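These notes are about the structure you will find just below.
In order of appearance the chains are A, B, C, D and E, and numbering begins at 1 in each one.
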Amino acid sequence: MIEPSVTEFSTILLFIIGAIVFVTVGLFAARIIRPSKPNYEKLTTYESGEDTIGNAWGQFNMRFYVVALIFLLFEVEIIYLFPWSVVFGDKNLVEGTDGAWGWFAITEMFVFIVVLALGLAYAWAKGYLDWVRPQQKQTDFKSKIPASAYNKYKS
Amino acid sequence: MPLNFVLFLGALLFCAGLYTVITKKNTIMVLVGVELMLNAANVNLVAFSRFDAVGIQGQVFALFVITVAAAEAAIGLALVVKVYQHFQTANIDEINELKG
Amino acid sequence: MYAFLFFLNFVLIYTVFAVYAERKISAFIQDRYGPMETGYYGLLQTVADLLKLIQKEDIVPLRADKKLFKPAPLIIFTSVFAGFSVLPLTSGFGGSETDLGIFFLLAIVSLDIFGMLLAGWGSNSKYALFGAMRSISQIISYEIPLGLMVVCVVMISQTLSLQEIVYQQGVWWTSIQPDAVNYLFGVKSLGVDVTDIGGLLTWNIIRVPLLIPAFLIFYIASLAEANRAPFDIPEAESELVAGFQVEYSGFRWAMIMLSEYGLMLLVSFLMAILFLGGWNTPLPNIGGVELAKWTSGEPGTIAGHLWGAFWMISKALLLVASQMWVRWTFPRLRLDQLMNLSWKYLTPASILLVLLSALYRMLMI
Amino acid sequence: MAHLLSFIVFIPLVGGLLVLLTPKTYEYLYKVVTLSSLGLTLLLSIYLVAGFDTGLQEAINTEQQLQFAEKADWFSFSLGSLGEISVDYFLGVDGINVTMLVLAALVLFIGAISSWNIKKHQKGYFGLYLLLSTSVLGCFVALDFFLFYLFFEFMLLPMYFLIGIWGGPRKEYAAIKFFLYTLVGSVFILIVMIGLYNSVYDPLKTAEAANLSVSGMNTEQIIEAVQQQVESGAIAKEDLVKSFNMLHMANDANYIPGSFLDKAGLSTVFGQPARWIAFLALLIGFAIKLPSFPFHTWLPDAHVEAPTPISVVLAGILLKIGGYGIIRTAYAMFPDGAYHYAWLIGFVGIFSIIYGAMNALAQKDLKKLIAYSSVSHMGFVLLGLSAMTVEGISGAMYQMFSHGLISAMLFLLVGVLYDRTHDRMIENYGGLASQLPKFTVFVTIAFFASLGLPGFSGFVAELTVFIGAFKSEATNGAIPFWMPIVGTLGLILGAGYYLWTLQRMFMGKFWVKDKHWLSTLKDLELREYIMLVPLVALTLLFGIYPALLFDLINASVISFVDHISPLAK
Amino acid sequence: MRAVLAQQNISLTNFLNQVAEGLGYLQPEITLVATLILLLLFDLIFKKNKAFGFTAIASIGFALVGVLALLQWSSETVSLFGGMLSLTNFSLLLKVAFSFGGLVTLLIAWRGKDEIKAEFFKSGETLIMLAALLLGAFFMTMTMNLLLVYVSIELVSIASYILTGLTGDRKRSEAGIKYLIFGAASSAIMLYGMSWLYGFTGTLQLDSDSFYAGLTAVPMLPLIIAMVLTLAGFLFKLGAFPLHIWSPDVYEATPTPTVAMFSAIPKLAALTIVFRLVQLTPDTFDWVPILTIVAIASMTVGNFSALWQKDAKRMLAYSSIAHAGFLLVGIITHSETGNEAMLFYGLVYLIMNFAAFFLINQFESITGSTKIDSLKGLGRSMPFAGVLMVLVMVSLTGLPPTAGFNAKLYIFSALWEAFGQQENSWLLWLFIFGLFNTVVSLFYYLKIPYMLFFKELQPNGIQTKGRSADYIIGTLLVLPLLLLFFRSDWFVDLMNTINFVF
């Protein structure tokens, strides 16, 4: 069992608190030094000089979302890999079971990883990993002019 | 650290989560509330795990909970996106076409 | 406590010089001078920049969500800085020596995307939001190979403690674990005991040659993690005008910048620890010529601290320098190339590496 | 003839299947099949009555008193530590149900004739009608509670569709109301059934299950031995075979000691002894079917909306199942409860009599009037039963039989009128006697029979009921003297509404609301004679020669009263 | 892990052997996983004409699972993986039933309207999720460990969310999000309760001594709170009051075959878990009031809400809520007969629901709607299907001559028996409410025969010709309902061989 050592974690806490204090103090110091003369022009949202239209909080590319999902999948996988990775090759355990433990643990995790890899393959094959998916738009407009006439000028 | 503190933290998180789930109208906030509740349970599980005579079942449980929470959140957000596409809102009160 | 003070100051000073170095290196690569005016050869350029930044007005756009906008730099900086808390600088000096070091590090550093999201979202600017989205999707995409590579090392080392990982890569391993044996290339059946030879031979990338590709993947992923070129589309100045940080100014912006350079340093330290022997000397003992012993003091002694810090910091700084070199050498990737690289090449490769490492580990016992 | 009862019960079912299998092109066959199968049933049941031994007098809760009994294992399974459960296919007749069986066969046959001019969806109609016939017939002869309940419930579905599809303008409402009321009743019955079979064991099967050495003993001795052993706890609980047999349920000795409905009556529900509550539940369950006040409200609706043949069946037979059920289950199984609640039953009885009659007085719809008169007449059944005397009970049974004939006749007659004009409002007619003399004669006979004029069966029935009720206070004190006195008021009211209706519709100058009716109002046809004449004849026959019926039931009624009276002080 | 092993005094080698042995008992589950993966691979590898392959893989897979489960039939209780799973013939019977359900689901989809067919057989996702749902349900029937309880419930839930919401129209996304929010919240509540149970007992193993001892030692109030919280997640899957609110929406929006599965399989699986929890808690903890309130409320709320439904699936959703109440009755009795009655009821319920949804699906494929109004007059033009529907409705109401009656009879007999022994007035109220709810349920179940037969056919050119395959399947689904009425002893005898002790 991994026993968390409280004092070790207090060091970490010190780092965190220290960082926060540092930034806060810095901000406070800067506040004393810096000017504060806001005006409307200054406070507008920067859009390369154009006036902002609408809100930024709209919809964005769905693919970001898919990436997040796949990330989640693997990140969670890694949660399981970490505890496993420190015991599967434990010298004493492996030697105590004539290697059975190691092979068992490896097989188990292989199955797990392969299933997840299958998930990745699925997403891949279904095209969710392609950032720019070619989308052929078939128009249902029926023109009197034959298509070949267009193609002639297209090229 | 006394166990009570941790349990109290858990209870607090749980109540906060439950409160969020019940009062918030935005679906995403509700999901956030659910996550809070799950983590309340995790806090408890890990805390109790120290007193586990057999092993670290609580910690193992917490790992699984994290996973499941992730899956749930993933699907939850996917659904929210879908709902948003259809309803242009994520407000749970405005999504009420199904009535009997 | 000392570690905290050390790292805080070290990060600050390092940043000052790193920014300067970056300018100089880029100038060198592009065959120009770089900063020359402030101080001798422009040495004080960054200090001057810093002073300027502190004096600059803190602009919070009207349409921003102030509750999210303001604390974002704090979160970014804190999460990056907290990552330093578990680094062993030398055999006896370092931050927390928790058993979970590497796990904690990965976890806490991941938090900085949270800060970025807050920054991008809170700005309520299209550039910022797109930048944040891209930045996050990039970071999370590369976090998978990065994490998996860490798993590879952990599998080989069978521990999550960074200090122990470092110990395993040098001659002093036996001082904490008397029955420990390092075989050449880690393969027990080869039967070549290199425990006392140490040096380069016991570094993870040599000890387990399988980790060389792992190191490469980790290096690439770490560049992306730190939003460094060629993976800097999130900030792509030409398109997104610095991405999620576009609305920041003054000290808040300085914090974001600081954490970016801090992150570079952090991943470099991490690479040094995981693959390049940490504070261990590269020089091996060759028979009576005990180069390894000579160039690394006994753990706990002053000599040990000094040698350790020397090796560690120089490895890290070299890696940082290489990152800068890469930045000014390679062109920026397109977003789809970036994603393809991560998901279609690095991730499958790292999954494969994990599987292979597991098998390799079985060779080691 | 072996399996006579099974034949009687299932011939209509076979007929029904034939109807369903016959293709639509042979539509005329439906009626033929229906009529012939029900005719066969009628013939067989007459044959059964002819072979019925009127002198057999045994205790009412033994199988010896049954005739034409059939018993076969249906299914049984172990309940683990709680013993075994056994359901039998068990049919039989005794004095209590033999009359009902014949009545049912007769009324169903007549109903089939009156279905002649059903035009819509004949296949469905006759199929369902035959299905209904089987369940009605089965209900009267089933002596296993499970089987009884099956038939009892199964009646609802065909009835629901028969009313709901072929009924009048508000048929859906009426169908659902009918279904729901009856279902509520059957839930009450189900509750008690569950309680009963959990408390009652089958001595013979228990002997078998417990491997008792029974060599050389006859059946009665075995039963006695088992009962003693169960009483003393010598037989393990898991060897007890729980029984659905209604005759076992009627025998105190078959109750498992300590069980919920045990004769010791220690268990209580809502502070009352469980057995009383069980009695009350059964009573309510069947009273809904009967129907008696206050559960009668489905009846007028169902009657009014149902097509004529269904009204006939409903009034002629279905209501009797209520009365029969009360006798067979509630009274036979919980005589203590019956005695305790006798005043209540009597009160409800007289209330139904008077309330039904008053309502009948107020009706404008002829069919509704007859429906309310049914409520009133069924009140007599309750009154008779509440007396718990031989006369009271045989009177009640006589009343059921007689009402079956008379109400069938009445509804047929209403049907005759409705067929011609599609209108049943009393106020729309006047002086029909001049236009439809034969019809008027039959109506008059039916009305007189129904109001209890001497010479008709109704008179005998009501008289016997009153004799029984008057005797009650003196002999067993079940109901006070004033109840039958108040009850007689019903007779007067009955005479009132019938005579008044007669006067309004048939006397005086001929007048109908709609001139078009003049062409359609024709007197009785041959088919209608065929239906009405036998009914009139039987009404008269049983009015003049009551012994014909009393002989059939007497032996059983006496042992029945013996069975229930030890508790009467 | 090491500590766990040390405590149990099993050497690691033995433990590994045990695991290997345990895997042998998991053939049905492994087959399911294999089916799932095959479906996935098939989807990835082949590009065209996939419908046949999907159908073949899924149906053969499900059938094989059922057969494998059947082959394992034995009266012994096998404890697998150090007691985490307990394989009894109780769970085997349910597994067989579930795989039967899976097959029927495929059948319903196969006979469904074109959109449904497309959803099920054009791409593998739906079938994969069905397999995952079944897998979760399988584990739910065997698990003895709170961790596995949680994971398997979530597996079922997540598969259900995906099946509900991730494809399709507005309605489905709405139903999906509601389902998910309720599910996630109730599982979080359950988890919190579980964490307390773990705290009280120091173990996640339901059948361990320390679980029993721990629960005996804890003061009542916290224990009640923990138990009620834990119950929340189970009740959600069971669709019982007060966590039933999702089900009408989900049932209405989701395609009929999927609903058929939702209505029976997760419900029964959750029932087994409640059952196990109740069985394994010490007698000092009184489940009766809690479960009685839940059961009565479920029946009443379900039945009364069903009264004014206009959509057949929505109505059946409320009916399934009511049935959840009835199913709980078996657990409340806490007796051997009660257990058997519960199982009987559960399996009959499964058949009834699949039959009902099959028939609804059949009508839906003709009229294109599941509104009850759309059934107008169809019974007259399709009398056979109409009669089958009536039989199913009669069975759902619980009237003879259908197995629904036997189920109600047995379950209330058990309750009566329990009342006779304990004289607990809660049980009496349950008894009374339960039976009278049957009457209420008649109101809405009758609506369907009412529409089918009492109303005239709408003259809108609906092609009402039935397909003989539908009639055959329908008959095969309804026949057991009649058979189990007339010969319920066959089934009960089978159940007598079932071991309810874990």
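The definition used in the following text is that contacts are C-beta pairs under 8 Å (C-beta built on N, C-alpha and C of every residue); 3 or more make two chains touch, one makes a residue touch a chain.
As the structure is a prediction and not an experimental result, all values here were calculated from the model.
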{"item": "Any chain that touches chain B and chain A", "value": "E"}
{"item": "Path length in the contact graph (chain B to chain D, fewest steps)", "value": "2"}
{"item": "Chain centroid nearest the full-protein CA centroid", "value": "E"}
{"item": "Centroid-based (C-alpha) most distant chain relative to chain E", "value": "C"}
{"item": "Inter-chain pair with the most contacting C-beta pairs", "value": "A-C"}
{"item": "Far-end chain from chain A, centres as C-alpha averages", "value": "D"}
{"item": "Whole-Å gap separating chain C and chain D, where each centre is the average of the chain's CA atoms", "value": "93"}
{"item": "Computed distance of Cα centres, chain C from chain A, in Å", "value": "18"}
{"item": "Distance between chain centroids, defined by C-alpha means - chain C, chain E (Å)", "value": "52"}
{"item": "Distance from chain E to chain D - Cα centre to Cα centre, in angstrom", "value": "42"}
{"item": "Numbers and ranges of chain A residues touching at least 2 other chains", "value": "1, 68, 75"}
{"item": "Overlap residues in chain B, where contacts from two or more other chains coincide", "value": "55-56, 71, 78"}
{"item": "Which chain pairs touch, all of them", "value": "A-B, A-C, A-E, B-E, D-E"}
{"item": "Complex contact set, residues of chain A against chain E", "value": "1, 87, 93, 96-98, 100-101, 104, 115, 118, 121-122, 125"}
{"item": "Contact set on chain B toward chain E in their complex", "value": "7, 10, 14, 17-18, 21, 27, 30-31, 33-34, 37-38, 40-42, 44-45, 47-48, 51-58, 60-61, 64-65, 68, 71-72, 75-76, 78-80, 82-83, 85-87, 92, 95-98, 100"}
{"item": "Contact footprint of chain C on chain A as seen in their complex", "value": "2-5, 8-9, 11-12, 14-16, 18-20, 22-24, 26-27, 29-31, 33-38, 40, 42-48, 52, 55-57, 60-61, 64, 67-68, 70-71, 74-75, 78, 81-82, 85-86, 88-91, 94-95, 99, 102-103, 106, 109-110, 113, 117, 120, 124, 129-132"}
{"item": "Touching residues on chain D, where the partner in the complex is chain E", "value": "74-82, 121, 124, 149-150, 153-154, 156-157, 160-161, 164-165, 171-172, 175-176, 179-180, 183-184, 187, 190-191, 194-195, 197-199, 259-260, 267, 269"}
{"item": "Residues of chain A that touch chain B when the two form their complex", "value": "1, 6, 59, 62, 65, 68-69, 72-73, 75-76, 79-80, 83"}
